[in-house]
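Chains: A, B, C and D, in written order; residue numbering restarts at 1 for each.
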Amino acid sequence: MVRIELSIELRYDVAPPGADFVFNIHGAHTRCQIVQSEELTLSQQVLPQIYTDPATHNRYLRLSAQPGPLTVGYHAVVQLHHHLARPQDVHEVPVARLPPEALSYIYPSRYCQSDVLARLVMGEFALLPQGYSRVLAIQDWVRRNVRFESNTSDTSTSALDTIQSGRGVCRDFAHLMIALCRALSIPARFATGIDYGADPVLGPTDFHAYVEVYLSGGWYIFDPSGTAIPMGFVRFGTGRDAADVSFATIFGPVQSQAPRIAVHALADPLLRWEVPYRREEAISTDV
Amino acid sequence: MVRIELSIELRYDVAPPGADFVFNIHGAHTRCQIVQSEELTLSQQVLPQIYTDPATHNRYLRLSAQPGPLTVGYHAVVQLHHHLARPQDVHEVPVARLPPEALSYIYPSRYCQSDVLARLVMGEFALLPQGYSRVLAIQDWVRRNVRFESNTSDTSTSALDTIQSGRGVCRDFAHLMIALCRALSIPARFATGIDYGADPVLGPTDFHAYVEVYLSGGWYIFDPSGTAIPMGFVRFGTGRDAADVSFATIFGPVQSQAPRIAVHALADPLLRWEVPYRREEAISTDV
Amino acid sequence: MVRIELSIELRYDVAPPGADFVFNIHGAHTRCQIVQSEELTLSQQVLPQIYTDPATHNRYLRLSAQPGPLTVGYHAVVQLHHHLARPQDVHEVPVARLPPEALSYIYPSRYCQSDVLARLVMGEFALLPQGYSRVLAIQDWVRRNVRFESNTSDTSTSALDTIQSGRGVCRDFAHLMIALCRALSIPARFATGIDYGADPVLGPTDFHAYVEVYLSGGWYIFDPSGTAIPMGFVRFGTGRDAADVSFATIFGPVQSQAPRIAVHALADPLLRWEVPYRREEAISTDV
Amino acid sequence: MVRIELSIELRYDVAPPGADFVFNIHGAHTRCQIVQSEELTLSQQVLPQIYTDPATHNRYLRLSAQPGPLTVGYHAVVQLHHHLARPQDVHEVPVARLPPEALSYIYPSRYCQSDVLARLVMGEFALLPQGYSRVLAIQDWVRRNVRFESNTSDTSTSALDTIQSGRGVCRDFAHLMIALCRALSIPARFATGIDYGADPVLGPTDFHAYVEVYLSGGWYIFDPSGTAIPMGFVRFGTGRDAADVSFATIFGPVQSQAPRIAVHALADPLLRWEVPYRREEAISTDV
């Protein structure tokens, strides 16, 4: 079990006539992820709406800001109860036995055009033994073929673009891995959070994107960019790709400043709260 | 707009072999009720499950406690954005135009046996003009015919029992008002929270039960026991009656101590956060 | 696998100024119950609304009828795929491991006042070995203590009334069995359909009420009145008790005539469609 | 009011080892679209699963077929109750007031890359008066800039491809119109059905794709390819684009034959069932 404390501060300058925002920065409420405490602070006196998507459990915060500075703060302590499995016990699920709600994650989406990757996956992965190890092989392929490089992609960059350019950030690694899984009819979805344990060479703590793959009745976590420690991921949102789960979607004339983000583990050996570390087991928080 | 800070401490002694608990003490997330900050504390190292009912938005906390003392603490700051209307503008909705999700609140339930009150409501209320004023007339009738008296009812007391005995507590007032509304095909549901502004004569701050009635496209708040100030109610749960939304349902050998509850308004004239007061308008937080 | 063809004709005389109806006579769509074909006919030119409850999958038909005669016809062919288990393999689920959506079926409801049956079940059933056999023991107890007798109960008759009177119809047997199960914290719900295989001594084919109990991860079928063959039950609705799933709820001045109902199995040995028969196995259609 | 009778026959040759299918050819159940009768026939003895997506109400049919021929037949009579409005009364809804469930339809998707069309829509549509007329202007722009031509696109063709090629079929017209609406933050979704009233020059009756745009609290129908009569559209599915609502998604070695489709209106002047015609009013079936 892991306890993570996180705080986020987002700062904007809103120009007239004001702007609408949709944020997805609240910790999701799931069976394995308990939000022990949380606080939302807004520098403007506006009434936010918070709603939870019934299908994904993503929590969205929507508000209409006045012209002027806007600061959105979110602070939370979240408990994570990981489901661990031995990789050899984690299997692919045939299409005929997928639950209906997993089916939509085998279809192509804006940034994960799996429909045009059929030939590539046939050559690379079709003959591998099915199971967790095949998904690991896909992740390895992405790591071998894409180089992590900041500021090499933008909000229009898709999996196809990343294959061509051979570089990208965590979001691009995730999109490509998802597209490859789906091309094999393995449900895969985009997940967002904070890059707990971020590689210090790659920069300070930041928002993070990773992958969840449906195997053996649960959604297993993969971190294709390899820059962080999955056991410390607090899930904000899941969706088909980044179009579904932007941290912030902005409608109106707004200038954004760099977010301030902090995350750390509240370990306590007596209470058996662990510090996250890289594990060999398959990890899920949604079984 | 109102900001309410509340804290709850529930204390139990759990005997062997342990016990299961289901609590409904989290502030509901609705469009008009924003949980600005909240913190849950447990004295035992157990993993709680928190789940939100997709239909009611009630948030339930479930846990399995070990033998020994158990303290459950919940502290929150909640923002309330009230929808106000002039009573003469608030109408009853004909059955044919009720939304499907309101329909189940015209049927009888465990403690609100509306099916046997047809004759009573025909004589008392059927000829009154329809609308908010008729629902007020029902509330007045309950207040005239029931005397508030502590320790006069228990968990098996229903609306029929209360009509006979002529006394009860907030829960009994609520059940009877709901049963009378439903006997007229007016959807009414049971709501729980804390008795903000509690009448000091009737005792210290405590859990509270009140009524929401579906009128003019929203759920309007009524406080039939008249012991508190509706504008300060933070909603925990809504349901057909107390069977749906107990604060605590316990499975196993447990001794309960009196809960410690505190509630107050965080007013701020500059920021337009008001202190709740008794208003003339019809009030809704779920439109 | 079983195929059932059913037809229902409901006839009413609606007096001025007209009336509203809510019906629950459509076959539910579940994983195990496939509506192969269906047809709804109405003698009045009115636009019905059909909506499916997202939690129960009950399908409701709502319409506003004009004064005059109204005939509602429903004809369907439904496929049933039964999940069968050996009774000794079917277990009770501890409260701590019940899925959230099953929890509400251990609480008392209008006609199933389980909260006042604690002493009775402690004496009769608490010491029996847990599992399917204990639920059978409850069913046997109901059969021993209640005599099937037509026209001995009405819409206000509850489980407590039935214990006292010792007689009732299928609805009363179901309510009592449900109340007893819930008093032991075993989730039980009310189910409606048609009494396939009805005992000819007890009268012609009619609507039927039976029980589903949550065991071993599914809802298992029990027919406490023992008057029909569970393998032939097409499910219309499930709910906490009859208040949730009336075949017809009527608002307005209406005279009802006796319904005309027909049901039979479309067996076909070549295609392996069976004729329903009384089986030893535990049967579920919702696992 | 309109009654439509439709029948669909899909024929496949399944090669070993068999194949899985997901179909979306059932009429959706909505408040305005009533499935009066329907029948599903399968030439193979396989148990289909039918499930309804709780968010979209799309009904999916899933089955695992054996090697050999497979015929899937669907026949239904569907009633349509159109909501009509004068175009000048139909308004755009500001982002801040969109209901949560409409929000996801302003984000880009696989075939509707609205994120890269910002410049185009700024030049063409940003200065037009907001409302139904602006959406009509978008539809006109698509008709002027795309030529209907069979067999000019495939399952990978997106809105960007269609802008470049200047030709396509109904699906491509729909994707492009949706992408343009979303680039203006107007929610738009992809809808499927049958091309009632199909232009005989363009070929026999076939599956059809069209557009629903969220305006004034409802989803209004647009037929950008202009080849059919919207008043006769029976809705099968809605989704973000064709990736969500394929008529048939096939997993395995299968050869498809041309579908056989028939559709006609069951008009009856006495009963006020009309023959669909092209209307001036704005039309919605989901308000």
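The definition used in the following text is that contacts are C-beta pairs under 8 Å (C-beta built on N, C-alpha and C of every residue); 3 or more make two chains touch, one makes a residue touch a chain.
Per UniProt, the chains are A, B, C, D = Transglutaminase superfamily protein.
Computed from a predicted model, the values in this text were never measured in an experiment.
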Give the fewest steps needed to get from chain B to chain D, where each step moves from one chain to a chain it touches.
2
Same residues or different residues: which describes how chain B and chain C meet, taking over half shared numbers as same?
same
Top of the farthest list for chain B, CA-centroid basis, is D
Measuring centre to centre with CA averages, how many angstrom lie between chain A and chain B?
38
Distance from the CA centroid of chain B to that of chain C, rounded to the nearest Å?
31
When the centre of a chain is set as the mean of its C-alpha atoms, what distance in Å lies between chain A and chain C?
44
Contacts with two or more other chains, residues of chain B listed in rising order
49, 51, 54
In contact, pair by pair, are chains A-B, A-D, B-C, C-D
In the complex, chain D touches chain A at residues 20, 22, 51, 53-55, 60, 62, 64, 94-96, 100, 103-104, 107-110, 112-113, 115-116, 155-156, 185, 243-244, 249, 251
Which residues of chain D touch chain C in the complex?
1, 29, 31, 34-41, 45, 47-52, 54, 77, 79, 81, 271-272
